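Next come two complexes built around chain A: one with chain B, the other with chain C.
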Partner chain A sequence: MKKFKWLVPTIYILFLMLPIYWLINMSFKTTTEIINTYSLWPQKFTLENYIKIFTDSTWYMGYVNSITYVVINTVISVAAALPAAYAFSRYKFLGDKHLFFWLLTNRMAPPAVFALPFFQFYSSVNLFDTHIAVALSHCLFNIPLAVWILEGFMSSVPKELDETAYVDGYSFWRFFFKIFIPTIAAGIGITMFFCFMFSWVELLLAKTLTATVAKPIAATMTRTASTSGYELGLLAAAGTLTIIPGAFVIYFVRNYIAKGFAMGRV
Partner chain B sequence: MSLELKNIEKKVGLETFIYPTNLKLEKNTINVLLGSTLAGKTTLMQIMAGLDKPTAGEIWFNDQNVTGVKVQKRNVSMVYQQFINYPNYTVYENIASPLKITGVDANEIKERVGKVAELLKLSPMLDKKPNELSGGQQQRTALARALIKDSDLILLDEPLANLDFKLREELREELPKLFENRECIVVYATTEPSDALMIGGNTATILEGKIIQYGKTLDVYNNPENLTSAEVFSDPPMNIAKVNKSGDSCSLLEANTTWKTNKKIKDGNYTIGIRPHNVTVEKTSTNSVEIKGKVMISELSGSESLIHFKYGQSNWVSLSSGSHKINIGEEMKLYMNVDECLFFDQNNRLVSNG
Partner chain C sequence: MNKTVNQKAWLFVIPVFVLVAFNAVVPLMTVVNYAFQETFGSNVFAWEGTRWFKQILQSDRFHAALGRQFTFTFIILLIQIPLGIGIALTMPKKGWGVPTCLILMSMPLLIPWNVVGAMWNIFALPDIGFLGHTLNSLGFDFNFTQQSGDAWFTTILMDVWHWTSLVVLLSYAGLNSIQPAYYQAAEIDGASRWDIFRYIELPKMKKVLTLAILLRFMDSFMIYTEPFVLTGGGPGNATAFLSIDLVKMALGQFDLGPAAAMSLIYFFIVLLVCWVFYSLMMKNEVKS
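Moving on to the complex of A and B:
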């Protein structure tokens, strides 16, 4: 039995990697080859698909737009969640527990519920088709998540640390930025990762709230499929490139995530 | 220099944490707040520091009312039971931080940190981060941070409670020396009577948010004003019994034990308190009285034997030096040194000590 203990994980990883492999495989094929032949690797290896994406602004601007609103959203979410989480972890106030739970319920409604009101509202205040519109709408589910994660990290820091700092002569703000934020740096890293990820993969709101100027990459991908026939090779290349930022971020925060799981709030 | 609490009271919601309290701490004294957990020691210290506001009453420092003054504006230091240090700073930066905040010049900081680190044996660790240190070293760092500025008031909230036995003994011996040549008031909270005796100075016994007695540590130990104070200042717990005195004979009401006494107190019923180390396996004084008890639990700690036994209807504790072989359930002879009995009247006030 011992001899084969590598078997199950190997099969598992193989199955996990299969669709990703197939995507990458397709991205180096021509559309004709994808449609007409079955092959485990490209017969006629081509970089055409990637060249098209990097030279055509309707394609690469999709990435720029997506990254822009994702970064804006991450910054807003963490900036808003830090003081909120501090209040929840350090102070008692009327209805604090209910409010904390209510935050979480914001995540329970599917984003589709909010698509129409957001669309109508942003149109009427002239925010339609802007990066900030998408970034703000994603705060709907990212801020509660950020508050929830950060509160856990903050509560694991004893409040005696705050008091010691005050006794030593620190003002609140100096303590907060010089000592408290570095102390929970791992938590902030994880929070940013989750905000980044959820905003990056969200399609419905991003698609509804944009037309051309702030059009995200995922929207570009779905629209291409319907207008100029099936450009499968191109789509596969775009898909491959979409995975990369996520993989990149995960690589950098993997240690933090492990720590976060150990602290019990992720 | 003095710190005075005038009718301090602390309520949170409907619960009273501190009942109206008066306390005056003089300059250059070490003051022990002795009481069990949740007695209100920490709350009292937070009020003294200015981290918490009293619901009623005033705090005066150097004949000035400082009741509403923020903690940053008061010159205090505090050390907690948990080892609290700034995790992102090195030991050096940790110790230096109170000086840095007040804008002391860099050379002076360096010199003073060097001195304090030397005193607390932290010199080799200055470049490390606190979580790379052992518990004892972490607490030393916290102590160093408290000592580096010339605080008027140093508050130590059970600083040794989370340390293991050996480190605790070591640091407990060093502590009083650290404050010897300082112009400050030290307040030390602890749950252990032995800490208070070791540290000396003054002691306030606290129970359920009330200060029972405040005075010189030995006075409080030897002449507890009342039974409660004596009970707080006794570990293992004090043995308590009802006695009747008539003429020169004294008898325990629950058990048939009588002894001769020459105490100059009125005849009548009293409550006596006798500390466990005065009830021993071997006779320690010529006036010891033999009593018989049924052993329930015995604990040996190498140099001492602790025996819980049933005497009359009550549970008693005996603490003898040396290891003794004791069988549980056995009826055994013990000696009570009646010279060391504390007599309390019907209102539990002390009438005679030993």
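Moving on to the complex of A and C:
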């Protein structure tokens, strides 16, 4: 039985790869070929779809917009969550438990509930259709998550570390930046990975809060598909390209993923 | 860890508090505003009290959406949790297989949700999709855009494809934290494979599994984009889960009052279930 153990993950991975392969397969076909013939690989291999995306600014700006707000969001979330997570992991203060649960409730709020009020709210503060609006709105679920993960990592660092540093004459901020942050570097990496991930995959809020200037790639896809009939080849190529940033990020944090899951509490 | 009492710690929490409150409190108050009033546009409101809540709680449409939502969440939990544990148990523990498995298995988690929907749409279409085409040539009459059973099958399969890896990664991490000494002791005692799983692995995975169930419950209960792109809630209303129904009501028909009331009820249900889970989890943590 031990001999065939590798079969289970292999079959599972095959199952995961099949739809992705199908998407890639279609991205190298013309739309006419997709509709008229069924084939497991492109009969007339074409790069036309990709060329269209890289030469048409309404397409490639979608990627730039998405990456811009995802990066802004990741930076804001982690920067704000670091001191807060430290406070939760080290100190008791008035209302700390309630505050922690209140933060988590925002991770539980269905984005559909917030779509309309967000639209009105961000319009009224003149942020509609800006990258910062999407980045700020994604803080709703990314900050609670970042605080949660970082708190887990920080709690696993013994308090003696802090105390020794103070005895050695370190001021708080010098200790925090010179000693504490390097100690939990892996945790910060994992947190950034998850902030990136959840901001990258979210669409409902990103679409609601943008019109043209900051329109994310995912929204570009849905709109083009509905106006000019289904340009399936183009849709598939655009979809394939959205997988790449994620794949990059996983590759960089591959050694920490499992560890991060174990220590943090994603 | 014994924490010291320090009220100044609030200063550290302020940035997070302000950012989240900015996003949560004002929009939530807007929802509450709509839920108790009738709007006539241009900021004219009339007090309605709890009328919208009564209307929603008594409407068949809400009951049906809620029923579909619970059925969906229940089914995917029932599939994903055991499957995730099973795959984590068979994953390699060292060597080149570990990063390979981790990278490939994480892939679905990092694909934008509407791309997941679009991908499964073209994958399952009966004429041009691999899944649809294969099923039909095997003699099944499969068409997820027409038959609600097939639509459910495809939506569930998509969610299993999309999220089982999260359970796998969590369980795998839980398994990795078990000291080899436990296994050696079990071997000496002559424990069977099942005993090892039941008395060593499962208790050690309890924490991560609670977390996995909590996360999968929350996220599947909020599911919107993937089924919206895949089936659009159809055929008919067959796969119109709570979020889809809500957005239809709020943005499609502009029934803001009932939609807001429904939002609050919806949020309250998620909150209630999560609170129960969270308390259980914290209780476990205190014990261990």
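One rule holds for everything that comes next: the second predicted complex is superposed on the first by the 255 of 266 C-alpha atoms of A that agree within 3 Å, B and C clash if a C-alpha of one lies under 4 Å from a C-alpha of the other, contacts with A are read in each partner's own complex, and residues count from 1 in each chain.
Operating definition for what follows: a contact is a pair of C-beta atoms (placed from the backbone, for glycine too) under 8 Å apart; a residue touches a chain by one contact, two chains touch by 3 or more.
Computed from a prediction, not measured in an experiment: that's the story for all the values here.
Annotation for the three-chain superposition on chain A: chain B and chain C fit side by side. Among chain B and chain C, the chain that touches a larger number of residues in chain A is C. When both complexes are overlaid on chain A, the residue A:Val134 reaches neither chain B nor chain C. Of the two partner chains placed by superposition, only chain B is touched by A:Leu161; chain C is not.
In the superposed model, A:Ile53 lies in contact with neither chain B nor chain C.
Within the superposed three-chain model, A:Leu234 lies out of touch with both chain B and chain C [touch as defined at top]. Once the two complexes are laid over each other on the shared chain, residue contacts for A:Ile179 go to chain B alone; chain C is not touched. In the superposition on chain A, A:Ala214 contacts neither chain B nor chain C.
Shared-chain residue A:Gly169: touches chain B; no touch with chain C. Once chain A of one complex is fitted onto chain A of the other, the partner contacts of A:Leu94 are limited to chain C, with no touch recorded for chain B. Residue contacts after overlaying the shared chain place A:Ile149 against neither chain B nor chain C. Here the smallest spacing between CA atoms of chain B and those of chain C, following superposition, is 9 Å. The residues of chain A shared by its contacts with chain B and with chain C are 158. In the complex of the two chains, the chain B residues touching chain A come out as 46, 49, 51, 70-72, 76-78, 80, 82, 84, 86-89, 97-98, 101-102, 142, 145. Residues 5-9, 12-13, 15-20, 22-23, 26, 34-35, 38, 40, 76, 79-81, 83-84, 86-94, 96, 99, 101, 103-118, 120-121, 136-137, 139-140, 143-144, 147, 155, 158-159, 197, 200-204, 217-218, 221-222, 225, 232, 235-236, 239, 242-243, 245-247, 249-251, 254-255, 257-262, 265-266 of chain A are the ones touching chain C in the complex. By the touch criterion given at the top, residues 158, 160-161, 163-171, 174, 179, 182-183, 185 of chain A touch chain B in their complex. Chain C meets chain A in the complex at residues 1-10, 12-13, 15-17, 19-20, 22-24, 26-28, 30-31, 86-87, 90-92, 97-99, 101-115, 118-120, 122-123, 127-131, 133, 161, 164-165, 168-170, 172-174, 176-177, 208, 211, 215, 218, 221-222, 224-225, 229, 242-244, 246-247, 250-251, 256, 259, 263, 266-267, 270-271, 274-275, 278.
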